[in-house]
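Before I ask anything, let me first share the structure, which is written out below as structure tokens.
By letter and in written order, the chains are A, B and C; residue numbering begins at 1 in each of them.
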Amino acid sequence: MKRYLQVIAAIWWKDVRVELRSKDIFTGMAVFAALALLILNFAFELRVPDKRMVVPGVLWVTVAFASVLGLGRAFISEKDRGSLAGLLLAPVDRSAVYCGKMLANLVFILVVELFVLPLIVLFFNVSLISLPLLLVVALGTIGLAVVGTIFSALTVNTRAREVLLPILLFPIILPVLVSGIRMTIGLLEGDPLSKLGNWLQLLLIFDILYLAIAFLTFDYVVEE
Amino acid sequence: MALIEIEGLEKAFGRHRVLRGVHLAIEAGSSLVLFGPNGAGKTTLLRILATLSRPSAGSVRVAGVEIRANPEGIRRYLGLVAHMPLLYDDLSAWENLRFYARLYGVERPEARIQELLERVGLWPRRKELVRTFSRGMVQRLAIARALVHNPPILLLDEPDTGLDPQAAEMMTTLLREVGGNARTVLMTTHHLERGLALADRVLILAGGRIVFDAEATAVSYSDLRPLYDRYVAGGV
Amino acid sequence: MLSHRVLTVLNLAAAVSMVGAIYMALVQAPSAINLTETERWAQRIIYFHVPTAWLSMLAFFVTFVAAILYLVRPQPRWDILARCSAELGVAFTIAATASGSIWAKPAWNTWWTWDPRLTTYTIVLLLYIAYFMLRGAIEEPERRARFASVYSIFAFVSVPITFMSIRWWNTIHPVILDPNEDFGLGPGMTLAFVFCIVAFTVLYVALLANRLRLEYTIERVAALRARLLT
């Protein structure tokens, strides 16, 4: 068990360190997110009576698309360097590789969100930074990372992999977006988190259920 | 009981049968070189041994244990130098080795890493990013990486590809040092002389089967060349 | 098991039950009350619409089970079953969506609405179109089967979750088992309804059997050709 956790930690640190040096994934996601916000701002500017109405949708759409960008890159760099094989040579259950990568992806997306949230506050003139909201965003991000990581491993071995990842991912993570948006709407209107209990449950079930499935099926995705 | 026992090994990718019944017994401490044309299945064979690929049929046993029964345990005893170096460009040589040391749970990693880096002559450049290394240096580091957990079995897939003759010489010397110590080595290469120099047993894999298997002392280069040409040129 | 005889029996059974279903749906079933003339005829779509919807879910469930079976024991036949059933599933999904839309126009005066079932349905359609896109992007048969299996497990599990999430979002789709609902099933309709569901299930089995047989024949031909050419 300790070995298992050590391997997860080692992979996580490796990914974080590599990312800190190259900043590939983060820059891509951050710049894309900023551009998306800009475009969405203009998309709604003249048609919506109050720009703050679209904030929930804008937040989650931006996060979703930026995440897909980042998730795609995570496994592509391993595959292209062939280093995935190096990870698979580790004498532990391969789900450790999944966990390490998933946690690394989670951190990358969370960091981009820390960048996106203030931008939204700026562009849309709305107060967004509150603990309940951050919790909701974090839970939703977990869902994105859980499914996105294994799908990224899946698509990296296919033709047209960059196109395939969003096509496979988006229908499945729709509940995350729906819950996220619904809860954001509620929170912005001043509802306490307790009132949104149902949605919170849904998100939690999503996260846990898919984590379990990913655990069980990751091996089949990376074996040859 | 041989250390590695391969029986009736088959591997097919869809309709394309790469390995068509490989039988091989490798004694502990022996050093084998495997020649063969491209596409003969050398890489596939090595990948199956390294548990990166599942056989379609047949059995592979290491120390009596079927690989499929306990792949995680077997991986502890294997080191693989593959086509790709399996190293991270954005990390330094030292950091790369430390990562792999962690993956394998190596005890006292710092001492081990230093020993390895000195062995392959990269200690002075340990803090430099792999991105800046020449191909020869990368290969040397890859060998260090494969040895970080001191595996009794070392698999090398064409480790001399892309190396200039001088670098290849350095690598051969390195491999000779490393191959001693009762380590079992299985290497594939396209270079006849180098392979002969390093091994005590010579095999040729062609058409998915072992078509030649002899002690290195029993064959000379001139014996082997025509055989090799026939199988490689024939591409059966 | 897929012998000519079995197939003939299945095809006959499907043909007979479908004819019966048409009769039950258009003639036998009583007309809905409290509806205008057009709406009353439109309501009969329910005997087509709901079975096809149910069937698409059954088909995808079969794909889901076949996927798990393939991962556990990688025999090609499980993957063939998964793919063929998924094809039928997509066909039935399109049929259900189209029939729902045709019903919606006279009933709600709109071709489309973003209510939970329809929305989830669209997503299901997208899920399995993505399934086939994934299959198309992988050359090697074993990897294709493996990856498709993993994906279809995720896809099928997502259906109830997606449905719940959208249902909580809003709803105007009629709840079929509520007897007070205008477009729901009245007392005399249950017989026709159940008959149609059974008939469509027989149709599914027959279509699947035929499709599988076709697929096996294609495989045999390909294998023979490969043998001849080497």
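Following the convention adopted for this analysis, a contact is a pair of C-beta atoms (placed from the backbone, for glycine too) under 8 Å apart; a residue touches a chain by one contact, two chains touch by 3 or more.
Everything numeric here is computed off the predicted structure, so don't read it as measured data.
Visitor: Using C-alpha centres only, name the chain that sits farthest from subunit B.
Guide: The chain lying farthest from subunit B is C.
Visitor: Whose C-alpha centre lies nearest the centre of all protein C-alpha atoms?
Guide: Central by C-alpha mean position: chain A.
Visitor: For subunit B versus subunit C, what separation do you get between their C-alpha means, in angstrom?
Guide: The separation of the two C-alpha centroids amounts to 51 Å.
Visitor: In whole angstrom, what separates the CA-based centres of subunit A and subunit C?
Guide: Here the centre of subunit C sits 32 Å away from the centre of subunit A.
Visitor: Report the inter-chain centroid distance for subunit A and subunit B in whole angstrom, where each centroid is the mean of the CA atoms.
Guide: It comes to 38 Å between the two C-alpha centres.
Visitor: Could you list the positions in subunit C whose residues touch two or more of the other chains?
Guide: 139
Visitor: Which subunit A residues touch at least two other chains?
Guide: 223, in rising order.
Visitor: Mind pulling the residue numbers of subunit B that touch at least two other chains?
Guide: none
Visitor: Under the stated contact criterion, what part of subunit B meets subunit C in this complex?
Guide: Going through subunit B, the ones touching subunit C are 13-15.
Visitor: Report the residues of subunit C in contact with subunit A in the complex, numbered from low to high.
Guide: Touch list, subunit C to subunit A: 71, 123, 126-127, 130, 133-134, 137-139, 143, 146-147, 149-151, 153-155, 157-158, 161-162, 164-166, 168-169.
Visitor: Which of the residues in subunit C come into contact with subunit B in the complex?
Guide: Those in contact with subunit B are residues 139-142, 222-223, 226.
Visitor: Name, in rising order, each residue of subunit B that touches subunit A in their complex.
Guide: Touch list, subunit B to subunit A: 47, 50-54, 72-73, 75-76, 78, 80, 82-91, 95, 99-100, 102-105, 129, 145.
Visitor: How about subunit A: which of its residues touch subunit C in the complex?
Guide: My answer: residues 147, 150-151, 154-155, 157-161, 164, 167-168, 171-172, 174-175, 178-179, 182, 198-199, 202, 205-206, 209-210, 213, 217, 220-221, 223.
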